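Please read the structure below before turning to the comments.
Naming follows writing order (A, B, C, D and E), and every chain is counted from residue 1.
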Amino acid sequence: MEIKAEIEFSLHKVTKSYGALKVLNGISLDVAKNQITAILGPSGCGKTTLLSLVAGSRQPDGGEIRGLENKNCSFLFQEPRLLDWLTVTQNIAFVLKDKLPAEEIEPKIESFLKKTGLFAYRNSYPRRLSGGQRQLVAMARALAYPSRILLMDEPFKSLDPALKFDLIQHFLRLWTAEPRTVLYVTHEIKEALLLADEIYILSQKPTVIRSRHPLPIPRSQRRYDDCSLQALEKRIAGEFRSQDNPAGPAGKTFNFY
Amino acid sequence: EAPARVELNVVALAGPTGLSLVQMMEEKPELAPEVTVHYSVVRTPEQMTARIVSGEADFAAIPTNLAAVLYRRGIPIRLAAITNWGVMYLVGKDPAVTGWEDLKGRELAVTGRGTTPDILLRYFLQAKGLDPDKDLTLRYYAAPVELAQLVIAGKVDLATLPEPWVTEAVQKNPEMKILLDYQEEWKAATGSSKSYPQSCLVVRAELAEKNPGLVREFLVRAAAATEWVNKYPDAAAPLAEKYLFISAEAARGSVPRCNLQLLPAWEIREEIDQYLQKLYDFNPETVGGELPDADFYLQK
Amino acid sequence: MRISIYKNNFLLLASSLLGVILLWSAVAAVTGKEIILPGPAATFGALLTLIVSADFWCHLGATLLRGAAGFTLSYLAGLAAGVICGLNPYFNTAFRPLLVTIRSTPSMSLILLALIWFRADFVAVFVTFLVVFPLVTQNVADGIKNIDPNLVEMARVYRVKPFRIYKELYVPAILPYLAAAAANGLGLAWKVTVAAEVMAVPARGIGAEMDKARIFLQIPEVFAWTVVVVLLGLFFDRALEAIVEKRILAWK
Amino acid sequence: MRISIYKNNFLLLASSLLGVILLWSAVAAVTGKEIILPGPAATFGALLTLIVSADFWCHLGATLLRGAAGFTLSYLAGLAAGVICGLNPYFNTAFRPLLVTIRSTPSMSLILLALIWFRADFVAVFVTFLVVFPLVTQNVADGIKNIDPNLVEMARVYRVKPFRIYKELYVPAILPYLAAAAANGLGLAWKVTVAAEVMAVPARGIGAEMDKARIFLQIPEVFAWTVVVVLLGLFFDRALEAIVEKRILAWK
Amino acid sequence: MEIKAEIEFSLHKVTKSYGALKVLNGISLDVAKNQITAILGPSGCGKTTLLSLVAGSRQPDGGEIRGLENKNCSFLFQEPRLLDWLTVTQNIAFVLKDKLPAEEIEPKIESFLKKTGLFAYRNSYPRRLSGGQRQLVAMARALAYPSRILLMDEPFKSLDPALKFDLIQHFLRLWTAEPRTVLYVTHEIKEALLLADEIYILSQKPTVIRSRHPLPIPRSQRRYDDCSLQALEKRIAGEFRSQDNPAGPAGKTFNFY
């Protein structure tokens, strides 16, 4: 990774509270252009809130966000958020119609449904889909939408291992073909280690940035048995303080997580 | 021993129909020692029908054609007497209207499409060789009170109204004059000495058969009461307001125009027949589809 | 299977209509007097004699026209007003008193004005509007207020054009509210139109005819007309239900 | 902040009420004639003279009682019927024609019967019931039909007692529908009650008084009563809104 | 694991279709009493459907399910399914009220909220919670509900590593204290390997049972570096056929999954 990457947008001392509950307590970070930035953090620390601030659907109480002027965002929300009364195809078309010429929409949706293996379900309604299939539709919608910035909240959850594997491959191929700036939230350290150019760890509420980890190895060459990655994984895991044994999950059965 | 007590229910329809009974309502004269009379006034035809059909009403003051209709519908009633002889007038701003023929080409506001006022109007117009639907425009309204409001507001120039609205109109809107008189016109058109018998007193058939004396007594008192109203409009006016929902000042003015005169049915068969016949000719339904037979009339 | 359901529905429908009629004749039998409550027999007799007359269709048409016009106008207006009220709480607070005023002002106070302002033909439309408009507005507003904010957020983030959000998100989301409003509104429309016709006595119109029949105590005819109105109501209600079902069953 | 909102609302409310009054006086000015449409001044004059009289309160009370009774009865009945219709499609199909019949039967035909069956006092309650009941039933039914089936499945799997599912899941879930129905029903209730009183003329009641005033051509008094009715509507609407807001805002 | 465990309930040739779509195509399995049975399978293969059949909220088209007569089920659904208008506490109380005496409810809920670290949010409404917190509430509800059978659909998803770790520990403690029969769906092979007594792998639609894997080592002694487990993990992973490289995720970056 070139350390001095161009910056797509940046947050400056951003704070956000819900009523009395102080959530974000001065977050400052620069998101590098056309790179994948992963965000990890304890449940309820404000990751989703952070994404919604970037997406502009919520306003920060303090600080500012620069560099988002008239850029499109794709947002893969934590829940699928599909319109029950539209078929899979229509759900994706719903966000594309205003952005693409009519004739391009059909083929584009088709290709994305094929990639996510949903083509057979293109005319089903969301309520007739399985949890994972709904997640896939939301994913296809986010990817198909022409945007500079791609926000994803646990994009690969509730998919079976093989599908997850394929999907990540697809995603990387797609992203390499036409790079976008990706900011995404996950709970899977390994996944982040494979995908991200840069990983941010958030603290517990009131939330600040605990640490920043640039990936030492180019994506293509990363191997699990690479000791520098294993070391990094341990470090990151160590940052998640377990309430029960503050030693952190780095305990005996840790290897399972 | 003393004869069994009798309870009489006398029901009058609000407005001029009941005007002839106001004195009795006020003073409740004793017809006979064993008889107590209850007077009541209803505001809507529905209520009146309900009372008569259910047999609650022994005597009822209602429009003559309604009596005929009820009779034809199989309600056991007898037409006892006619109480008033027409209360319809044509009011307007334009004194130039002195005869029905002058209405040619004018717009005329009327209430009750297809009811007696409408039919009489058409009858008079046709008698003058006018076609009601072609030679002039008739604008219909549901209730006289609405039309009266419009007349007083000066929103209509020519209107046919019943009392007491005629008086209300001319009192509250000085521009308005009484131009034509249905009653006079009827006499002229039919050549009869009497006007048309608009409202009447009906009596429950059973009562009429069981207790003719009492019915006779009541009619006599009612006749006297009617005369009293004619003689002392000023005394009758407050009673009209009290019982019949006619404002006192309007009542004072309208009494002379209400042509109150109580005549027992058997004395004036022809007039009644003639009236019903006319209505029948226009629309049989106005008298219930068929003219009533002789039993309809209370016998001497 | 689909078919069997329809068959079922049809049977049910028929039987329940039969039920209504039986109930009716029972009550009629108890009441006894035709002049108060004519039974089905007398009523349908009167209905037949009505139907054969050419006028019948003119009157029916006139009322149909007024009711439909009044309903359509108020429905569209209510849809617009409701959306605004639902989206903008301030507008809602400001508009609501007006709504309530319209809703609870006794017709008696309005009828005379209506008579002055409009031709007798149009009064019915006006009065219908005054009843149906607030109904629709209310339902739509309450529907909009309860749309899942997450879906709206999604549409906003993806910069979907407001009108399309309205058309493709709001309207389908509040479809059940719209359905309820339509069913209620349509049902009331006929009733109110007829009532207004009674007051405005236009040359043609079921209301005027009913009034005439009533004055001459032709109660069977009054009821015949009533049946006609109810059938109108039933017919349009079925049509409506069919449409809604189709739209909703698809994705349920 | 909360407070400021209330202040805001209050200002808005006041201004919009003012708006209604201004509109009214404008129309009155245009119409010109007090006997057709008295302006606010004349009306409130009449209103004052009314209020000081003891009778005023009797009449108000009587109408209030009828309206409230009619509304409450029909609301409860509608709630029950609506739930059944919403849960059981067959019952729905069977019951709907009856509903439509009630909804679209012209009041005239009903008044004819009501006058004979009930004491004048009760007619208003009856008529109100016939208007409000279908309204509530419809809304409740359409609400129930659209409850998230996943939540119901959850409650069933956990074997929650049906009545508690009804009370703690269905009712809150359809609260917005109930709110709409209540607002519409309550608004119409006053209008209909008064209309029925006009036709049935009970001894006490705003409707009867309005009719009397009209017959005596005391139009300002008619409008004074109208204002009273509208105020009734506004008052109860506010009360209702307050309740609903409190219930919903909590978790929104 | 004793191989001959007592059977709690069993499915016999159960089939289920949605309209034309044949989902379960003859599933027969015996669920051992007071053991943890894990179900893995491709997305959309019918796992949720299977659980809903056991829970009785859906009826099988063919075959039968025995041994469920008047037993309570807790069901942790794939989505939280909370009542928006009830607070966290009320949501849990909603399912308990009919089962426990009033005075026991309060303390019980409290203890479970403490275990899941939600105590601070006991009076918040679901819409004011984060995705993970909602998941926790649903979990607490399922665990607090007194039941013989516990059905869980991806119970530990969208939780941060530490929390997930703690939660699993809690769960195991709880389960050991008062054992129930657990049938649960997951996509995480490692998690299943740690938790389950027995693992079933389902095939693609029309779905049958692909394979059954009893765990060779007692739960307490399982270690990641145990080669028999690693072998088992590879075997299981190998059963998930990737569409792109049918070799399965067993490919180069496999170690990450």
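Basically, a residue touches a chain if its C-beta (ideal position, glycine included) is under 8 Å from a C-beta of that chain, and two chains touch if they have at least 3 such contacts.
Keep in mind that what you see is a predicted model, and the values were worked out from it rather than measured.
Trainee: Keeping to the contact definition above, tell me which chains border both chain B and chain E.
Mentor: Per touch definition, common to chain B and chain E: D.
Trainee: Go through the assembly and pull out the chains touching chain C as well as chain D.
Mentor: Common neighbours, chain C/chain D: B.
Trainee: Where the centres are mean C-alpha positions, what is the separation of chain D from chain E, in Å?
Mentor: That gives a centre separation of 51 Å.
Trainee: Take the average of all CA coordinates in chain A, do the same for chain B, and state the distance between these two points in whole angstrom.
Mentor: 88
Trainee: Tell me, which residues of chain A touch at least two other chains?
Mentor: Residues 79 of chain A touch two or more partner chains.
Trainee: Multi-chain contacts only, two chains or more: what residues does chain B have there?
Mentor: Where chain B meets two or more other chains at a single residue, that happens at 46, 50, 53, 149-150, 155.
Trainee: Provide the list of chain C residues touching at least two other chains, using ranges where the numbers run on.
Mentor: 36, 112, 116, 198, 211, 214
Trainee: State which pairs of chains touch, listing all of them.
Mentor: A-C, A-E, B-C, B-D, C-D, D-E
Trainee: Along chain B, where are the residues that touch chain C in the complex?
Mentor: Result: residues 45-46, 49-50, 53, 66, 69-70, 73-75, 112-115, 139-142, 146, 149-150, 155, 285-286, 288 of chain B touch chain C.
Trainee: List the residues on chain D that touch chain B in their complex, please.
Mentor: Residues of chain D touching chain B: 32-33, 35-36, 111-112, 115-116, 120, 199-201, 211-212, 214-217, 219.
Trainee: Using the touch definition up top, name the residues of chain E that touch chain D in the complex.
Mentor: Going through chain E, the ones touching chain D are 52, 55-57, 72-75, 77, 79, 81, 83-86, 94-95, 97-99, 125-127, 145.
Trainee: Of all residues in chain C, which touch chain D in the complex?
Mentor: It comes out as residues 8-9, 12-13, 15-17, 19-20, 31, 36-37, 90, 93-101, 103-109, 112-113, 116, 131, 134-135, 138-139, 141-143, 145-146, 176-177, 179-180, 183-184, 187-188, 190-191, 194-195, 198, 207, 210-211, 214, 219, 222-223, 225-226, 229-230, 232-234, 237, 241.
Trainee: Which residues of chain B touch chain D in their complex?
Mentor: For chain B paired with chain D, touching residues are 14, 42-44, 46-47, 50, 53-54, 145, 148-150, 152-155, 168, 172, 245, 247.
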